[in-house]
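Structure below; questions to follow.
A, B, C, D, E and F are the chain letters, set down in written order, and residue numbers restart from 1 in every chain.
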Amino acid sequence: MAKVTVHRKAHFNAAHRLYKREWSDAQNTTVFGKCANPHYHGHNYELIVAVKGEIDAETGFVIDMKVLKDLIKDEIEEKLDHKNLNEEVEEFKTLNPTAENIAVVIWNILRVKIEVKLELTVTLYETPRNFVVYNGE
Amino acid sequence: MAKVTVHRKAHFNAAHRLYKREWSDAQNTTVFGKCANPHYHGHNYELIVAVKGEIDAETGFVIDMKVLKDLIKDEIEEKLDHKNLNEEVEEFKTLNPTAENIAVVIWNILRVKIEVKLELTVTLYETPRNFVVYNGE
Amino acid sequence: MAKVTVHRKAHFNAAHRLYKREWSDAQNTTVFGKCANPHYHGHNYELIVAVKGEIDAETGFVIDMKVLKDLIKDEIEEKLDHKNLNEEVEEFKTLNPTAENIAVVIWNILRVKIEVKLELTVTLYETPRNFVVYNGE
Amino acid sequence: MAKVTVHRKAHFNAAHRLYKREWSDAQNTTVFGKCANPHYHGHNYELIVAVKGEIDAETGFVIDMKVLKDLIKDEIEEKLDHKNLNEEVEEFKTLNPTAENIAVVIWNILRVKIEVKLELTVTLYETPRNFVVYNGE
Amino acid sequence: MAKVTVHRKAHFNAAHRLYKREWSDAQNTTVFGKCANPHYHGHNYELIVAVKGEIDAETGFVIDMKVLKDLIKDEIEEKLDHKNLNEEVEEFKTLNPTAENIAVVIWNILRVKIEVKLELTVTLYETPRNFVVYNGE
Amino acid sequence: MAKVTVHRKAHFNAAHRLYKREWSDAQNTTVFGKCANPHYHGHNYELIVAVKGEIDAETGFVIDMKVLKDLIKDEIEEKLDHKNLNEEVEEFKTLNPTAENIAVVIWNILRVKIEVKLELTVTLYETPRNFVVYNGE
């Protein structure tokens, strides 16, 4: 059967700051600029989850979009939406919540919830001008 | 010569429903939800056709965009625009018109009209939030 | 207090055809072109509901966006999403479901659900290239 | 001379929370939901500043876009970008930073910097799905 | 009958430069910056034409979108697309082709082609970040 | 470490014409249509630069977005923005400035400025409907 990649968009709004706990404020500002602000800033993260696999001959689906949408809602939006990533999300207590790291965290969460035979790619827009892609490589 | 992928956007508006003829209404609703509505619903499909190949040293083109635009118009828009996919498009009389299957049908139509040495990828947005990609794999 | 207009986006997918019951097929095709197709076609309608009023000094809201979002969901999306407008929506049994008329129907439904002191405007995108605005004038 | 409205887009990223200092946590959560989270969340605010006036016969400009762009940068982006609105922006120490109130604050700041004969309107997107408009009314 | 505003998007690509013939190069650069470059630069202009009027009870249209689309094509796109505005468009031989002035020129051309009872507004995007609106005021 | 692709958007406005110096005007018009206009036309080019590599364990970055943004500004925007590509940009004095060729030129400029271990891809929108991708292949 033909292999198709299906994509679903979702979004969450969160606060974060970029810094390394072990560094001084000055060092954090040098490396992370305004993003190191200890009072936090925030973003509307736009997320695209892509799943690649063979079309099911019965349904014509690679994956049921409704199932994918609910999975993203339950596993990602519930966890990250309207949260302070540094303070309230376990993974970022020791990991800097850069767009790169957030994409990897999202991918790891979804990977175990999606059938192994399906390939998974996560695209995360931090702003309309900055975005990252991770596919488990 | 350098290999570049050129993309052209197009669009068509169509009605469809998702269902399997052999299944009962109840079964179709279980699997396809609101998309199984026997009265049909519809979408503005946005299509991106990508063609990859070497730049022609004379023209600086991989493929003449005007030619690609006209090809999409003649082969895809004429066939699908303002149509009921299930009722009026031959391919979907026995094939469920999911985004996945529509992308494959479009790819198959265009593949034979584009030089073999050029790689072809079709991206189809069913809504601004759902889209699929097919490249013949 | 300052008067601000707040806007909320929503969307629904529907099938429709444009025609006048009293006219012949030929006449309908002359006036409505491909949109008269008796097998229907469809659109992803994107809806923007705008509400204008004074900011509440307590909350800082003109209207609670969550309330507005739920109102649009209950009154408009439930009624129109994944429907055949001509066949399944009472208002369009005798009214041609042009973008203009759909916007007026939506406005009329929402008007009685929103406080009189708030001004209401409905913007409806039939496609990314065609849209209409109605404010009760 | 003809009167034209010119618009310039800009953007800033900020953290905020919605709450009323005098209310209990429970009351704040009832009214503001997830937006009351004491750890903050955040947004990519997209801003459109519109200035209406007569075209200058010499230049063909209503206002020099470069001047408008720099004004927005100096007065708004410098003040709000990568900030915690509640903690770091004077105006929001006693004012709830709803989209409505932020738009009014921005309008008040710009109004005194733009010639009186020019009309001013501020559009502020809190997310791609929620936005507000204020024109001093 | 209800009054609705219908909008149609179109686009054209053109070269231009901003300058005043009577001024020195230095003076033009002072006022118009990089836009004064004598070798020209260019834009993808995106145009939205809005027409407001009563819905026709027979058709459900304010104006036939197909008619509006063709009017824009014949009167505006044919005239401006892939042109050098300063060198090849009569109106701009003596008028600086700022976004403001282009919007007024487009409005004047369309105004005489659209029924007097319909209100006309022209929105012109010079870039995705700069746009102007003119309604004949 | 995980390999992530980070993307940064930028833009420049330029004039150009497509033609081959050795060909007659008639031949150029046959091949390049309206794009051969000797008076030039222009575009708002939107550029996406993608850089793929391992996340740095210290910073959580693949590449500092601020550095990437400044690199694009210094090397590409300064060179191409508000320019006539044919007349003012060395590379296009003998090379037809098609979207394909512009993407290759941009890639070549950036490639030597970005660490060899990082993969580079350039996406260039000539219009919102036409775009090309080049990754050095």
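Rule of thumb we're sticking to: a contact is a pair of C-beta atoms (placed from the backbone, for glycine too) under 8 Å apart; a residue touches a chain by one contact, two chains touch by 3 or more.
Computed from a prediction, not measured in an experiment: that's the story for all the values here.
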{"item": "Any chain that touches chain D and chain B", "value": "A, C"}
{"item": "Shared chain contacts [chain A and chain C, defined touch]", "value": "B, D"}
{"item": "Between chain B and its twin chain C, rotation from the CA superposition, multiple of 5 degrees", "value": "180"}
{"item": "Farthest chain (mean CA position) relative to chain C", "value": "F"}
{"item": "Rounded Å distance between chain E and chain F, as computed from the means of their C-alpha atoms", "value": "28"}
{"item": "Sites on chain B at which at least two other chains make contact", "value": "128"}
{"item": "Interchain pairs in contact, sorted by label", "value": "A-B, A-D, A-F, B-C, B-F, C-D, C-E, D-E, E-F"}
{"item": "Touching residues on chain F, where the partner in the complex is chain A", "value": "2-9, 50, 55, 58-62, 64-66"}
{"item": "Residues of chain E that touch chain F when the two form their complex", "value": "11, 13-16, 34-35, 37, 39-44, 46, 81-84, 87-88, 127-128"}
{"item": "Complex contacts: residues of chain B adjacent to chain A", "value": "18, 20, 31-33, 95-101, 103-104, 128-134, 136-137"}
